[in-house]
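Two complexes come next, and they have one chain in common, chain A, joined by chain B in the first and chain C in the second.
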Partner chain A sequence: MTTAASDLLPATRNALALLLLAMADDEFVIGFSDSEWTGIAPMLEEDVAMSSMAQDELGHAQALYRLLADVVEDGRDADAIAFDRPPEAYFHARLLDHPRGDWAQTITRRFLYDTADSARLEALSESSFEPLREIVAKIRREERYHVMHMTTWFERLARGSDSRPRLLDALDRIGPDAGTVLAPLPSALALEMAGIVPARFGGLAAAWRTSLQPTFQRLNLPPLPVTPAPDRARADHSDSFRWLHGEFTSVRGLDRSATW
Partner chain B sequence: MAPHVEHGRYLPPRSDDDGVGEPWEVFRQEKEGDAMRHGGSVIAPDSELALHFARELYGRRQESIRLWVVRRADIQELDDPDLLQPPLDRSFKKPGGYLMREKLAAARARSGRDKPRARQSSPGSGRAAPPSPSEGPE
Partner chain C sequence: MVSAMHPFALGLVPAPDPTEARARTILARVHDPEIPTVSIVDLGLVHDVRVTRDHITVELLPTFVGCPALDVIRSTVADALAVLGRPIDVEFTFAVPWTTERLTPRGRDGLKAAGIAPPADAGNVRCPYCDSGQVAMDSAFGPTLCRSLFYCRDCRQPFEQFKTV
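Moving on, here comes the complex of A and B:
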């Protein structure tokens, strides 16, 4: 077990930094993207629910960016890492490059993301790096509700006569990128050797697909396609993300030295 | 004659024709042993989403340890004044006729103790302090 980043070998530290960046950017980008629903969600109660889940994700991102700042120790704090990078330096999964789209696309993406993220978090609860394990334990308690709520919505939209075509369209558009969240990182081997991720981490994507099968079969939905270009799962960001980046950096861009 | 039990003015009729849902009433418990208290309501299409929304609106900030969610249509309402607000004088049923104030004051003077203050409500429980039992109306 390791309790401080300074005890890690430099190569392990770099590998850990990449894992933290991937997870933090995932949470940060989906949090900002889904917060676009605030005020315009289909029902008042759901507006509160979606906005608060988006906020949860930003909270998770903050905790992960803080840990990342401790690990890289390059003088940047969590805010600097979160906001002061050009769009191409973000390391989120391609699934999150899609715009929020209509309600069916937002729900479909969140369902796919939250189930994949849960698989990742569950595996990381066995990490040898104690600070990560502690953050993951807290995040997992909040993610339970996210998965529960998104499963409810996903099943509902798959069964509704008006909503089912929209859900199928959304699966067409974003389904191929669903597997990008759990696509192996370049640093996977180093992470596994240091015990920062358990040995089964490499098989998470397959396990996650298997776990979704009963739901997809019950709802008579087409299986998720194989992920194209998994080695570029976190590269080549979209115009839609560049727009979102412009939005979420606009206030900080007014005065980078301002104290909030 | 109007029925004694009806969904009257306080409980508007369910709106199930707009496709969004119907009202559900949410009761919450702040700590173990407390009574369940009415928190408010949510609009939801079914019991599952009603529970999710109740969690979101009445439980996500650690303000509750337990929620009950009840379909408003399943609540029986009684607001008939003949049954609840009988018009005749019932003051003889209340203890207000006993003149306790002077006796209590005299007893306190003998024992040298101050008049007890109203009990403090427990922090955050939202409970009003109950009146001191010795302070009945005269």
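Moving on, here comes the complex of A and C:
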């Protein structure tokens, strides 16, 4: 059990920083992207729900960036890490590079992301790095609501006559990138050796795909395609992400002392 | 009154600083900014209060990680404790997760008084106005991160429930 980053070997510390950056950027980007529905979601309850989930994700990102700042100790605080990087330095999964699209694409992406993220969090609840384990224990209690809500919506859209073709289109567009959230990180081995992730972490993507099969079969949906180039899972960000980056850095660009 | 043979008097155990008891009494009067009927102590937010001769540290547990009220709570706590005349640190910690079980019975009553149903397992939620169990969840997500939306079929009143986490 490790309680302070300063007790970790430098290589382990770098590996941990990469894991935290991936998780924080994932939550940050999906949180900002989905917050675009505030005020324009198809119905009032869903406007509130999507905004609430987006706010949850930004809170999780903030907590993870703060932990990352403690681990990296390079003088940057959470805000500097979150807002002061060029678009190509963000390390989120390519699934989150897609624009929010229509409601079906947003729901499809959230369903894929939330189920993958909850598999990741569940595994990290066994982490040997105590500060991470503590944050994960808290975040999991909130993400449970996201998975429940997204599962309901995913099934609803898959069964609706107007919505089903839209959901199938969304799966065509973003399905190939679904596996990017759980694609192994370059630092996977160092993380496993230090017990920061459990041994089964490398097999999470496969386990997650298997866990989705009953839902996809029941809804008569095509199986998720294999993710091409998993080693590029968090690179080659899209133009739509570059646009989003311009949006979420605009306030910081005007006033560096602005707070979240 | 501490007797001469008491461990405090013998110097075996440091006597508790009376300021700590005062600090806790003050904290019991600090209310959640959005729920004026519930103190942060009854909400279960207070994880630790440490008082030294020249410093006070208060550790609080966030109900939700992204709760935007945290900064307001932090400054309200610091302002309330300022009368003690020592430098104050108010920190948030994830050392233990805040859960629904941390609400005290008085905290649950305070929620009801504010028109918010206390956390309960699905199926056991009761209307905070008429105590009916004939209620339906409209949405798991409400106007703040910690609340869901319900409707009472008996008194036909929409109400909020504190999410079970």
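Basically, the second predicted complex is superposed on the first by the 256 of 260 C-alpha atoms of A that agree within 3 Å, B and C clash if a C-alpha of one lies under 4 Å from a C-alpha of the other, contacts with A are read in each partner's own complex, and residues count from 1 in each chain.
Basically, a contact is a pair of C-beta atoms (placed from the backbone, for glycine too) under 8 Å apart; a residue touches a chain by one contact, two chains touch by 3 or more.
Values in this document were obtained by computation on a predicted structure and should not be read as measured data.
Aligning the shared chain A places chain B and chain C in steric conflict. When chain B and chain C are set side by side, the one touching more residues of chain A is C.
Once the two complexes are overlaid on the shared chain, A:P87 sits clear of chain B and of chain C alike. Contacts of A:K138 after superposition on the shared chain: chain C is touched, whereas chain B is not. By the document's definition of touching, of the two partners only chain C reaches A:L58; chain B does not.
After overlaying the two complexes on the shared chain, residue contacts for A:P176 are found with neither chain B nor chain C. When the two structures are aligned on the shared chain, A:V48 is found in touch with chain B and with chain C.
Of the two partner chains, chain B and chain C are each touched by A:H149. Of the two partner chains placed by the overlay, neither chain B nor chain C lies in contact with A:P198.
Comparing 9-17, 27-35, 81-89 or 99-107 from chain B against chain C in the aligned model shows that the clashing stretch is 27-35.
Shared interface residues of chain A, touching chain B in one complex and chain C in the other, are 45, 48-49, 52, 145, 148-149. Residue ranges on chain A touching chain C, taken from their complex, read 45, 48-49, 52-53, 55-60, 62-63, 131, 134-135, 137-139, 141-142, 145, 148-149, 259.
On the chain B side of its complex with chain A, the touching residues are 20-21, 42-44, 48-49, 52-53, 55-57, 60. By the touch criterion stated above, chain A contacts chain B in their complex at residues 43-46, 48-49, 52, 145, 148-149, 152. Chain C makes touch with chain A in their complex at residues 62, 64-68, 71, 94-99, 138-143, 145, 149, 163, 165.
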